[in-house]
Amino acid sequence: MSWLPNLKTETAEEGFELAIKLSRMAVKKTQPDDATRTKLRDDYANSADSLTLASQVVATNFQTVAAANDYWR
Amino acid sequence: MSWLPNLKTETAEEGFELAIKLSRMAVKKTQPDDATRTKLRDDYANSADSLTLASQVVATNFQTVAAANDYWR
Amino acid sequence: MSWLPNLKTETAEEGFELAIKLSRMAVKKTQPDDATRTKLRDDYANSADSLTLASQVVATNFQTVAAANDYWR
Amino acid sequence: MSWLPNLKTETAEEGFELAIKLSRMAVKKTQPDDATRTKLRDDYANSADSLTLASQVVATNFQTVAAANDYWR
Amino acid sequence: MSWLPNLKTETAEEGFELAIKLSRMAVKKTQPDDATRTKLRDDYANSADSLTLASQVVATNFQTVAAANDYWR
Amino acid sequence: MSWLPNLKTETAEEGFELAIKLSRMAVKKTQPDDATRTKLRDDYANSADSLTLASQVVATNFQTVAAANDYWR
């Protein structure tokens, strides 16, 4: 089964979760090693700017998911 | 109850507040520990570039919220 | 009275000013202390990259304001 | 044959793969030497912020691919 | 007379020039001192990453100008 | 003759090439000296993050070119 068959979600909150998933999946595709990603996670989860950059990626993906769902209007 | 049932707001100002909330929520999802986030907040609230990066995330989320509300036209 | 009742402006130039205002307001919401912001302003107003990052935020907000005004067509 | 005849994909997942391809192709056009890119890959695959920046590029390209496919609706 | 009455240009090339103007104007609004900006220009015109960041701002503004002109279609 | 009469391309691949051209042209407008740009190119072509930032600019310009061509649908 596909991890991303489409971009449809029931609510805006689920759409936000999907945006987070997309952001992490792009990282996983570049660094597939789970142990390395876990180690790096400790780094950026304790850096203000790293968290802000991560939030920027989520915001960009949320634009896509929101448009795909016609903004849950 | 969902923290984000939809993206509808009454005014542009409330939409801007929602954009800020989305920006912070993405950080919270990556760093759920309140004490750590509070400590980091002191860091970036006193760095010009950190504040600018945070403002960039808000701007990106505000694009989404504004589109969802048809720009409050 | 709201500081942002809507995104409507008469001209593109006023829209650009509103984009600057939105960019600064996001900073203010994170760092509400006026004295701190004034001090930080001296920092980034003398750094080329800081000014470019600030210009990026304005550009992003200007996209939103321009769309809201149907590009003043 | 063109490496990018169009932006059409069957599913959102394939669209995400195309977004990754676009992101890497832009790098390849600037640094065409395979050995250099492989060496640099080791660098950024072990840096949290580098991975986040790469994820940002994928998110931006995914916006384009998703729009091109009418969000696989 | 307004420096930006509207976003209309005759050609895509003129639109690109307008995007550059918008990018610089945002900098000027933050750092109005001509001598300081000239000095900073020497800095970033000799840094690869600074030039790339500046190019990012132009790209963002060009999106706005292009949409305003219906992509000169 | 204009270097950018319009944003029309035959294929998505040509559109991607145009996005690269736009990204480089913005740099050239800020640093017109060919020798300096060539020297800087050596710098960023050997830095993972510099290449990622450059890829981000291309992605942003590709959004514009793709929209201008109705995504080559």
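Each chain carries a letter (A, B, C, D, E and F) given by its place in the written order, and its residues are counted from 1.
In the analysis below, a residue touches a chain if its C-beta (ideal position, glycine included) is under 8 Å from a C-beta of that chain, and two chains touch if they have at least 3 such contacts.
All values reported here derive from a predicted model rather than from experimental measurement.
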| query | Chains in contact with chain B and with chain E: which ones? | reply | C
| field | Shortest path length from chain A to chain F (each step joins two touching chains) | value | 2
| field | Most widely separated chain from chain C, with each centre as the mean of CA atoms | value | D
| message | With a Cα-based fit, what is the angle in degrees between chain E and its identical partner chain F, given to the nearest 5? | response | 60
| query | Measuring centre to centre, with centres taken as mean CA positions, what chain is farthest from chain E? | reply | A
| task | Specify, for the interface formed by the sequence copies chain D and chain F, whether it is same or different in terms of residue numbers shared by both sides, with half as the dividing line. | result | different
| Any idea how many Å lie between the Cα centroids of chain C and chain F? | 27
| query | chain A to chain D: how many Å between their CA centres? | reply | 15
| query | So how far apart, in whole Å, are chain C and chain D when each is placed at the average of its C-alpha atoms? | reply | 31
| field | Touching two or more other chains - residues of chain C | value | 44, 47, 49, 53-54, 56, 60, 63, 67
| note | Among line, ring, star, complete and other, the chain contact graph is ring
| Should the ring be read from chain E with chain F in second place, what is the ordered list of chains? | E, F, D, A, B, C
| said: Please output the residues of chain A touching chain D within their complex, sorted ascending. | reply: 2-8, 22-27, 29-31, 36, 40-41, 43-44, 47, 49-50, 53-54, 56-57, 60-61, 63-64, 67-68
| field | Touch list for chain E against partner chain F, complex | value | 11-13, 16, 20, 44-49, 51-56, 58-60, 62-63, 66-67, 71-73
